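Here come two complexes built around chain A, the first alongside chain B, the second alongside chain C.
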Partner chain A sequence: MATQVLQRETWRESLRSLKVATWLGWQIESNWTDPFLFAVYSLIKPIAGAMILVVMYLVVSGGQTGNPIFPYIYLGNAFYIYVGSVLMGISYAIIDDREHYGVLKYIYVSPIQVYFYLLGRGVARTLTGTIAVIITLAFGVVVFKLPVNFLAMNHALFWPVFLIGLVGLALIGILLAGVTLITARHNYFIGEAVAGALYLLCGAVFPLDVLPKFLQYIGLGLPMTYWLEGLRRAMLGTSASPLLAPFSNETILIILFSSTLLVGLISLSFYRWCERRAKEKGLIDMQTMY
Partner chain B sequence: MSQMLAVKTENLGRVYQIKRKRGESGPTTLVALEGVNLEVRQGELFGLLGPNGAGKTTLIKILTTLLTPTSGRAFVDGIDVVENPQEVRRRINMVSGGETCGYGLLTVEENLWMFTQFYGLDFKTARERIQYMLEVVGLADRAKTKVYHLSTGMKQKMNFARGFLNDPQILFLDEPTLGLDVQTSRILRDFVKRWVRERPGKTILLTTHYMVEADELCDRVAIIDQGRILACDTPANLKKRLQGASVFKLQTTPLDTLEHFKQLPGVTQFAGHRRNGHTELNFILEDENALVKVLDAVQAKGGHLLSLEKREPTLEDVFIHLVGRGLSDEESPPERIL
Partner chain C sequence: MKNFQRELAVFVRTVIGRAYPRLIGLQRERSWLFFEIFLPLLGTAAFVYIYRALGAKPEFTGFVVLGGAMTAYWMNVLWSMATQFYWEKETGNLALYLIAPTSRMAILLGMALGGMISTTVRALAVLILGSLVFRVTFTVSDWGSLGLVFFLTLVALYGMGMMFASAFLLYGREAWHMANLLQEPVFLLSGFYFPIKSLGFWISAVASLIPITLGLDAMRQILYPQAGWGFLDVRIETLTLAILSVVFLIAAHRMLLWLENIARREGRLTVRGQ
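And then the complex of A and B:
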């Protein structure tokens, strides 16, 4: 009886944390007095980032958009926009709250459920990321004749893969938030740094096959690899990675799901561990003075 | 465990590890709290009085679940702060003064609204409380102002208001009036007193290094220095400890050395400050007769008496008596105007 009441309370707190944090994240994210700057920062910057490699490919290949590697690269880069924005959105919340606004301790004194709070803080960036991804994809279809038909693609594969992948990214974001919590200094761009480091390992640019063997193994351990592979299969119907070709669509989905589950377990317990460290060392209200 | 205790600590201790760069010498640990046994009853306005670095904030952080103790245990409303922090957070709130916080790009109202939502207040109650608290702290006309357009003191007032929004069972105020102007400080003190009086069962634990704040506000006061509780009682009882003793304040022309005053016969405690233009000497004497020796000593040093005042013992005298030095730094006297 008492535990039931408590559980209900926990759920209410979780929902509240998610809701308020989402609202807060959106306020912070969209609080550009200049809509032009907002557009540049939230949309044009990630789109430009995704396009750099596409343009490089076009220059090197002499404009061959017909090669199957082109849609491979294009989709990989388009969806990779999410990686940076979700990881940054969540891990940066700790820095924002603690260092910039000095409120982390007050948030920690209130009855929030911290995972949900962090997830909520990532929602706004995920939304702006989504707009950037859609624009990038539309641009690809119109300008580069990307062979994607949004209506006729494999929706049954796309949506589960897409959503599980986003959840996985959010969970990695929580892990990075934990790192941020215990290493306050000089950790401002851990989200983007990790996104950059994983860029080559999860087959965003070129198939894992071109990597040295041991890096391939790392790549095969990352949920993002299966995420991108699943998205490509759903949208293009094929994959350009011989290494992953033997896996059926179902297998890709199952591996994606289980590796996300594993990453989730690791991330959440790691965050709790960091939180305990932070309380032991008095870091929750620490402000790094510059 | 007693149900009536809002806060209870058992042998609470906290040691900080201090990072030293290679080659730097000095201790690597700092004892901020040691063997603290504290009992705050429900419904009390309890004061923790101590100088800078005494360990007040450290204690508040432990009780508000932000920091883990290194020894001992602490209970808030009967709940162990380490074992069940979430349950503690549902019943408390905390304000720490002398710092600015808040989302600069949100308005005052939005900042406060956000916190009411973390506590799950319904919209109507939230609006009413925000409005009420903004009026209390005098920010009602700034409700729609973005926080980065507020002055430091205004931000602090907003943070003070935030502390009361959830109508906490136990409220921790860490030097809430630090850095605020005299008038604002008085308003906030009055409000704190009223808040706790009008709500039976609500408890406030307030830390301060302002003697008056402890004296006039608190039902009971614990005096803390260097991480230890030296005494804990009502202000009146604490002052009774000095009953029979005579407390004198002398102002003299500037004196060079003050050390020898301590050694005079009949002097229980002594604290002296050099102020611009004169020297202030505070004595606790065994009895009035010792005053003659003191005056002789002033004359012997070539000083002239500017004023002489016999006072009732204050909490500061008690503090000096217990600790052997004043509450305040040499230069800055505690705020005495209330």
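And then the complex of A and C:
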């Protein structure tokens, strides 16, 4: 009976941590300026990012957008916004709270679940990322006639792939938060390095087939490869990557789910280890002034 | 005369003093050097593979590698020039700068000079590694013009950075977001990964206010004279860069005086954790 009460209390505390951290994260992300400038910022950044690739494509194709590689590049780039947002959002929360606001030690002594607190900060970044993804997709459909029909797409594939992928990203974010917790001078690079490597290796903006063989194998081992492939298949109905074409939709889903599960187990235990190490070494309230 | 000499000596010492940590920082934390070369290289590689997937001509790989190397300068101008006074404010150094008996322009110049030199090491590494990995060959048609364009690009660019640094004096937390906002749109407008000519005349003309736009275009024309993707004649681009250099340096000086005054009056110089 007592155990059940304790479990219920822990869950309540976890949910509260998640909710409060989401609210806090949203405030940090959005209240630095007035709503108009925030809207402009939310519009310009993702569209400019997408336009770089669009112009590169148009320069080579001579203005044609009929090639199947165009939607491949565009959709991959649009959904990749989540990778940067969630990965860096969660790991950057550690830097922000420890170095910038100096409150990480207070978070650790308050009655909250830090793991859920970090996930909550990730949820806030997911929300801002979602705004950017929607804007980018809408821009592509309206301006470049991207062959995507949101009503007719494969919802049965899209939603499970989309949600599992986001959970996977959050779990990798927690893993990076662990690394950030025990590093001093490299924490600014960690999220960027991982996001940059994933951009190159998981076929975000080009089919994996153009990579050298050894990089293709690394790419095939990453959950994000299957996440982006699943999303493209759900929205476009086909695969533009000969390397991934033999995989059925179900196989893509199974690989994504099992690799996310594996990442989750690694992430949880690694973060706990980093946390213990940070406490032992007195890193929770470290101020590096970098 | 003696006064002038003394002031000049202080000015030069300040420039050297402020450039010193940027140069010495190059070797103090060597892992940073690795990350600062490795990260732009990752992005550059991704853009090279996009062109390969599209079956683009080989010179586009060269365009991307050169653009990728030049991103190091833009990132340095944004994060180590424009936002620098904001970081200094956050760490409590800004007040010390302001009470020091020296010119603020000398501090900015020192930052620019140190940043230029340390970033050149990174940009060169990206250029060399990128060229080796992706087998890019550049044919320099005129070394003198290339050197002059590169030099003027850096002067104008860091002049712009000095101007931004003054403007960012007024910012609090939004400094980070504003610098962030100046990444992708500038990568797009300046044609870091494609020839700027493809954006059309008027957009390219407006984008030419960012010195790296004309600098990159001129360097690409010199390195790939046969490609035929030049926006304007190299001589016109060089002259424009020279004008931009003078304009940005003067504007930086004026803005520093004006905005420092506003920041003092509004009490923004020592506000932290905004």
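As a working rule, the second predicted complex is superposed on the first by the 275 of 290 C-alpha atoms of A that agree within 3 Å, B and C clash if a C-alpha of one lies under 4 Å from a C-alpha of the other, contacts with A are read in each partner's own complex, and residues count from 1 in each chain.
We take it that contacts are C-beta pairs under 8 Å (C-beta built on N, C-alpha and C of every residue); 3 or more make two chains touch, one makes a residue touch a chain.
Keep in mind the model is a prediction, meaning the values are calculated, not measured.
Student: Given the superposition on chain A, are chain B and chain C in a clash or a fit?
Tutor: fit
Student: To the nearest 10 degrees, give me the chain B-chain A-chain C angle using C-alpha centres.
Tutor: 80
Student: Once the shared chain is lined up, is A:I73 touching chain B (first), chain C (second), both, or neither of them?
Tutor: The answer is second: A:I73 touches chain C but not chain B.
Student: Now for A:F206: first (chain B), second (chain C), both, or neither, which partner does it touch?
Tutor: In the superposition, A:F206 contacts chain C only.
Student: If we overlay the two complexes on their shared chain A, which of chain B and chain C does A:V59 touch? Say first, second, both or neither.
Tutor: A:V59 sits against chain C, while chain B stays out of touch.
Student: Can A:K281 be said to touch chain B (first), chain C (second), both, or neither?
Tutor: Only chain B; A:K281 stays clear of chain C.
Student: Contact-wise, after the overlay, does A:Y101 reach chain B, chain C, both or neither (first, second, both, neither)?
Tutor: Both: A:Y101 reaches chain B and chain C.
Student: Pick one for A:F139: touches chain B only (first), chain C only (second), both, or neither.
Tutor: Touch partners of A:F139: none, neither chain B nor chain C.
Student: Of the partners chain B and chain C, which touch A:A193 in the superposed model: first, second, both, neither?
Tutor: second
Student: For A:K45, select first, second, both or neither according to whether it touches chain B, chain C, the two together, or no partner.
Tutor: Only chain C is touched by A:K45; chain B is not.
Student: Once the shared chain is lined up, is A:Q27 touching chain B (first), chain C (second), both, or neither of them?
Tutor: The first partner, chain B, only.
Student: Which value, in Å, gives the least CA distance between chain B and chain C in the superposed three-chain arrangement?
Tutor: Minimum C-alpha separation, chain B to chain C, in the superposed model is 5 Å.
Student: Overlap the chain B and chain C contact sets on chain A and report the shared residues.
Tutor: Shared contact residues on chain A: 100-101.
Student: Where on chain B does chain A make contact in their complex?
Tutor: 16-17, 61, 64-68, 86, 89-90, 92-94, 99-106, 110, 114-115, 117-120, 159, 162, 166
Student: Quick one: which bits of chain A touch chain B in the complex? Just the residue numbers, please.
Tutor: Chain A residues touching chain B: 9-10, 12-13, 16-17, 19-20, 23-24, 27-28, 31, 100-103, 105-112, 276, 279-282, 284-285.
Student: Enumerate the contact residues on chain A facing chain C in the complex.
Tutor: For chain A paired with chain C, touching residues are 32-33, 41, 44-46, 48-49, 51-53, 55-61, 69, 73, 100-101, 185-186, 189, 192-193, 196-197, 199-200, 204-207, 210-211, 289.
Student: Considering the complex alone, what residue numbers of chain C touch chain A?
Tutor: Those in contact with chain A are residues 29, 31-32, 35, 38-39, 42-43, 45-47, 49-56, 60, 90-91, 172-174, 177, 180-181, 183-185, 187-188, 192-195, 198-199, 273.
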